[in-house]
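What follows is a set of structures to go through.
What follows is chain A paired twice: with chain B in the first complex and chain C in the second.
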Partner chain A sequence: MSDAYTLLRGGRVCDPTVSTDGGGLRDLYLKDGRIAATPPQDARIGEVVDLDGRIVMAGAIDIHSHIGGGKVNLARLLLPEEHREHASGPDGLRRSGSGLFTPSSFVTGYRYAEMGYTAAFEPAMLPSNARHTHLELADVPIIDKGCYAVLGNDDFLLERLAAGATQSEVNDYVAWTLHATQAVGVKVVNPGGISAFKFNQRRLDLDEAHPHYGITPRRILTTLATSLSDLAVPHPLHIHCNNLGIPGNEAVTRDTIAALDGLPAHLTHLQFHSYGTEGDRRFSSAAAEIAEAVNRSPNISVDVGQIIFGQTITASADIMSQFRNSGLASPRKWVCTDIECDGGCGLVPFRYRDKAFVNALQWAIGLELFLLIEDPWRVYLTTDHPNGGPFTSYPHLIRLLMDRSFRNEQLARINPDVAAHSRLGSLEREYTLDEIAIMTRAGPARVLGLRDRGHLRPGAVADVVVYDDLPDREAMFAAPAWVFKNGRPVARNGRLTATGWGDTIVVRPEFDPAIERRLKPWFEDHQTVRLGNFRIADGEILDHGRGGLSIVPTLTASDPCF
Partner chain B sequence: MTANGCARARTLFALPALPAHCFINGRAVPLDEALDAAAALLRDAVSPAVGGLAADTEGVSAALALAERLGAVVDHAASDSLFHGLRALQVTGTMTATFGEIRNRADLFVLFGTEFERHAPRLFDRIVRPPTPLFRDAGAARGFLIGPGDGPAQDGFERLSADLTHAPAIAAALSQLLAGETPRGDQVGGIAMEDLARVAAALREAHFGVVGWIAATLDPTAGDVAIEAFNRLVVTANASTRCAGLPLGGKGNALGANYVCAWQYGVPLRSRLGAGPPEHDPLRYRLKSLLAGDEVDALVWLSALNGAELPDTRTPMIVLARPGQPLPRDPEVLIPVAIPGLDHSGSIHRGDGVAALPLRRLRTTAMTLPSAASVLSALLDRLPSSPLPVPLRETAHV
Partner chain C sequence: MSVLSFRLKGPLTGRIDASPLLPHRLAELALSEIAALPLRLGRGHVAVGDLFDLSGNPGDIVELEGDERLDFVGAGLAGGIIRVAGPVGHRAGTGMSGGSLLVEGAAGLAAGASMQGGELIVRGDAGNELGGALPGERAGMTGGRILVHGTCGDRAGERMRRGLIAIGGNTGAYAALHMNAGSLLIGGRPGAFIGHGMRNGTILFRGEIDPLPGFADCGLNRLPFLSLLDNHLSGLNEVPPACRGLTGRARRWLGDRGFGGRGELLACL
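Presenting the complex of A and B:
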């Protein structure tokens, strides 16, 4: 603890959670890692940083980025060519590392911090892989991180649902999983479909019965969404819909929104689920229909999963989809793994080509979604890293959203049929800085329940980013003038100046521990580890001396919900 | 110890506890003196290497950090088998399933290898014939053992004798048969074509078939080619039914050490760390070859777990070893270290990669040895470096 304040003097503070007084210059005080209220006259001011009217935002939050865990690590091993091409040695401050779309752990933290991101969420942690995932994330420096546990294809849940389990039993199981795996949310991936593939089913629609359990994806989806709502977990069910990437899947996406019937939910990488079947190629944009459904549903938030042209790898628990797409692998090698009566893992390297009609239209569909979904509080900036492209392309994506003439220049360069098949060229919307601050900070913080992140009010964690107000928004967002993490400067003009460790963010809803009486024999009879070894103790995260655990409070009746 | 402990783990309990002092050329010294001698040896090294790497996640991490400081090559003692699989992965990819999935689901096993009891001691009771599988009757799994040897096979298994140097051709013939093609000839690798046809038919008819292999028993010069062929066979079978590959064997947390290297540096073992960007070359940085060619001038060898026999080399060596580690000669520096999962907690990776297992402290002895990670960190602190990054803060909210 120190009694000195750090003063960030004269910035244009862009915090959409407070009503502004016309965008005048403001001072920000940082103390003990937090934003402080204006101190008394005689307070000791340590460092003073003159911001000269630069733009100030809270640290950015990536709500969906595959940055660690078994499948990311297998992706690194699959593509040594990527790591040969993009590698860096130690420089006294930074550890050595490599990779562009599957960067190594240290590099991941450095790059996020240099871009002004101070938290990222790994969205696909299989419970059976949770320990590995946390071990990896313990080696990601600077940023805070959290994980969503993947449920909805695990045989325990499917078997209990088929046997007629009550909602309250499922709630206990979901809460137990959040505790045991040290997660902050729950994601469902192709509900029922990953399991159905293990029974040799190649596709599963929302109301199609699972070949073994007889239950439908609709049932899995609504039961899990209800659980998170009942448990008052701030982040609602994080949904990867059925039939990813299949032309015509917009129908299942709209049906999913309808099935939720007002329950809060987050639909992730929506771009991959917004495809129609019109036109000669039987592949078309359904962004307008999907955006309309989202606009009408205040219970729904989304992230886009924008694609960026170039080489990447698609990494997903959705092995059913990944096996179907394995023929598209470029280079021609891919991985599919069935995992532990729990889930799956599919890796398909892919190159998005701007001259290929399908890829170019995917690019346009993502941008259409961004521009047609009206409420920036409910649509977040992602590339589904690395599935649509690396997170380092966010500054480019921000420019596409903020600068219509730049966007239309790009549109003119890609496959010419896309302009004819997309309304993108006619969309005039340009995101404002306030809207960017919402979709990259305040919005994700709100939907994750991070009360002291995503804003700059007194008491917030002092994750602060200062930008030069450049007309080239890509250059502006690629290299912030200053980045502060927990009140300490970590980057200057886009280059790292200090490092350290962030927190692991978790949620711990109450539940009836009697659920373990049912789980214990399940683990002993069918699993390969025992219940006691499955659970991850706090010490396993804390004992490394690399950041703390930060517990997100569950919602109370007075909290504003969607 | 739990009844669940495997035979390999049990051997560790039987080891005598080493005295808690260290040795320089066979002369007993305190730890500090040994660390000073080790640091002196490493400071002068031009082409150092860090090998063995039989340790828990933290021990491996500390060893890699030391290598990064030194500009050293890193490799695991048992990496030959690992790299058969890794090189195949980097050519064709892989289609596999984990132990937990297979034990509940697989109804057919086609296993390439020999001495299954030695290389995968829990294979039959834990994976092939568990008492309560979810999706098939207990004991219903059947299969084929393909490899040298002619002893009796397990219940429901049939032995097809073959020289495993022919494994790629055998797997390729099975792929052809599965795809409805007719391979030429009347036998492949010593197995009659009608027997292979029965194997192919079984894979086609299985609900969930498994093609498994023990990498250590494959042709040492072309194990990767065999695994590529196994993978093609698995992918071919998945055109109509379900099937998965199952790599077996591995020791000394080789897979875990490789994983840690991959997530921290983006590259597998057999890389040179810290001398500029990480540089991976599976042939050039094979430690056994480097030692045989006298291309290493200082070796750090880590064997806190079983599975990392010391190399027989005259290269000056700093050995961090568990008690009971056989030594071919007195190393320049010997520092005994605690055994993860016995003397201290930690984690290692299971052979199928998905599960990192927690290790707990199971015994307390009067003379407590330091962990490999703490010894390696103390050694790192003795080596010159650029200034270390300052931590942001050290609060914990729990």
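Presenting the complex of A and C:
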């Protein structure tokens, strides 16, 4: 603790959570890792940074990025050539690392920080992989991180649902899982489908009964969404819908929104779920229909999962879709594996080609979604790293959203049939800086329940990013002038200057521990570890002061419902 | 032709990445610039001039004093000649696409792996993964020639697609593992599991073997192609003598049938 303030003088503060008076210049005071209110006249000011009217935003938050855990590690193993080609040595500040779209843990933290991102969330942590995931994320420097536990295909839940479990029993199980795996949310991947795949099902619609358990994806979805709502967990159910990537899947996506019937939910990588079957190729954009459904449903937030042309690898727990796509692997090698009978995992390297109609249309569909969903508070910037492209392409994506002429230039370069099959060319919307600040900061913070992140009001964590106001928004967002994490400068002009460790963000809803009486025999009979060893203790995360825990408070009656 | 010589000043303190010392990269530089080039040494770097005494003129030919801790010698070579007096470390000539690399001593692991063209000659023995595939690559050697006078380790010619490997001595286990095409000549005794998973290509050797069960015995054959091959070899430099004289009859196996393969093992008489 020090009594000196750091003063960021004369920045154009871009904080959409406070009403600004015409965007004048403001001073920002940082103290003890937090944003401070304007101090009294005689307060001691330590460091003063002159911002000269540069743009100031809170640290950016990536709500959905596969950066650690079992499948990411398998992806690294599958593509050693990527790591051979993109390796960096230690330089006194950084540790060595490698990789471009499956970067090693240290490189992940450095690259995020250099881009002005101060938090990222690993969206697919299988409970049985939780310890591995946290150990790996413990080696991601600088940024804060959190994980969503994957439920909805685990045999315990499916069996209990089939046996007629009550909602409160499911609630206890969900809350127990959040505690035991140190997660901040729950994700459901292809509800029921991953399990159905193991019973030789290759496609599962919302009202199609699971071949073994006899319950439908609709039941799984609504039960889990209700659980999180009952438990007052801020981040609503994080949904990867059924039938990812299949032309015509927009119907199941819209049915999913309808099935939720007002329950809060987050639909992730929506681009992969917005495909129609019109046209000669039986593949078309349904972005307009999906965007309309989202616009009409204030309970729904989404992230897009934009694709970026080039080589990447698709990594997903959705083994059903990954097995279907394995023939498209480029380079021609892939992995699909079961994980502890509790989930699945598929890895298919892929090259998005701008001259290929399907890939080019996917690119256009993603951008259409961004531009047609009206409320930036409910649509977030992601590429579903690494599935649509690496997170390092975010600055390019921001430029596509903010600069219509640049966007149309790119549109003119790709497969010419796409312009005819897509409304993209006619969309005039250009995102403003305020809207970018919402979709990359304030919006994700709100939907995750991070009350002290994503904004710059006094009391917020002092994660501050300062940008030069360049006309080329890609250059601007790729290399911020300064990045502060917890009030400490960590990057300057897009180059790392200091490193450190971020917090692990978790949520701890209340529950009845009696659920362990049911879980204990289940673990003894079916799992590879006993219940007592399965739970991750706080000390494992804290690791003698190297890691930190930041607990997101559950919602209270006074909170505005999402 | 101008020759540039590198003579070691003393024993090496760690493994060196010698991949920058390629004739076509050095040809444009002055001696003082070459002496200042950084080479990777463990976690840090060391200047060329601190390791080597330089003499001669930069040009088509580089002469190196060898050491088994010099790795990546000639890796990525595209033209010109590198002669090494003594042994080299690992990955000599990996990914080379042209030119010639002559090692007078032994070579370490993965010499000539993922080679696309050019010629690699090892007068001593070679380690495992000679002319093999780099980790993660679906194809190994796709062109060029590797001529080894001594023995070699396991997995020579793994995932080979094209080109020629001739080994004068014995080979380790799993020679031509998952071979797709190309030719592997073994002058000495072949090791166990030869040709496992091969889909195409030719392995020639002498003497008795007990092939894997995936190979179908096609009996004794008179193969005119053997004398054509021998004729071709007679036109090349540095072919190990034990690999020569393959004419006349050979016992032939086809496989690996377990992988739908139609490659051939030829035991020459």
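Throughout what follows, the second predicted complex is superposed on the first by the 561 of 562 C-alpha atoms of A that agree within 3 Å, B and C clash if a C-alpha of one lies under 4 Å from a C-alpha of the other, contacts with A are read in each partner's own complex, and residues count from 1 in each chain.
Going forward, contacts are C-beta pairs under 8 Å (C-beta built on N, C-alpha and C of every residue); 3 or more make two chains touch, one makes a residue touch a chain.
Keep in mind it's a predicted model, so treat the numbers as computed, not measured.
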item: Fit-or-clash call for chain B and chain C when the two complexes are aligned on chain A; value: clash
item: Partner chain(s) touched by A:Asp525 [first = chain B, second = chain C, both, neither]; value: first
item: Which of chain B and chain C A:Gly68 touches, first, second, both or neither; value: first
item: Which superposed partner A:Pro80 touches (first chain B, second chain C, both, neither); value: both
item: Which superposed partner A:Lys198 touches (first chain B, second chain C, both, neither); value: first
item: Chain B versus chain C as contact partner of A:Pro90, first or second or both or neither; value: both
item: Which superposed partner A:Thr102 touches (first chain B, second chain C, both, neither); value: first
item: Broader residue contact with chain A after superposition on the shared chain, chain B or chain C; value: B
item: First, second, both or neither for A:Lys333, with chain B first and chain C second; value: both
item: Touching both chain B and chain C, residues of chain A; value: 78-80, 84, 89-90, 96, 333
item: Contacting residues of chain A [partner chain C, same complex]; value: 78-81, 84, 89-90, 96, 331-333
item: Interfacial residue positions of chain B with respect to chain A in the complex; value: 4, 57-58, 61, 65, 68-69, 86, 89-101, 103-105, 126, 131-135, 207-208, 238, 241-242, 244, 258-259, 262-268, 273-280, 347, 349-350, 353-358, 385-387, 389-398
item: Of chain A, residues touching chain B in the complex; value: 33, 68, 70, 72-74, 76-80, 83-84, 87-93, 95-99, 102-107, 126, 128-129, 131-132, 135-136, 139, 142, 155, 159, 197-200, 212, 323, 329, 333-342, 347, 485-486, 488, 490, 498-503, 525-530, 533, 536-538, 540, 542, 544-545, 548-551
item: Residue ranges of chain C touching chain A (in the complex, touch as defined); value: 40, 43, 134-138
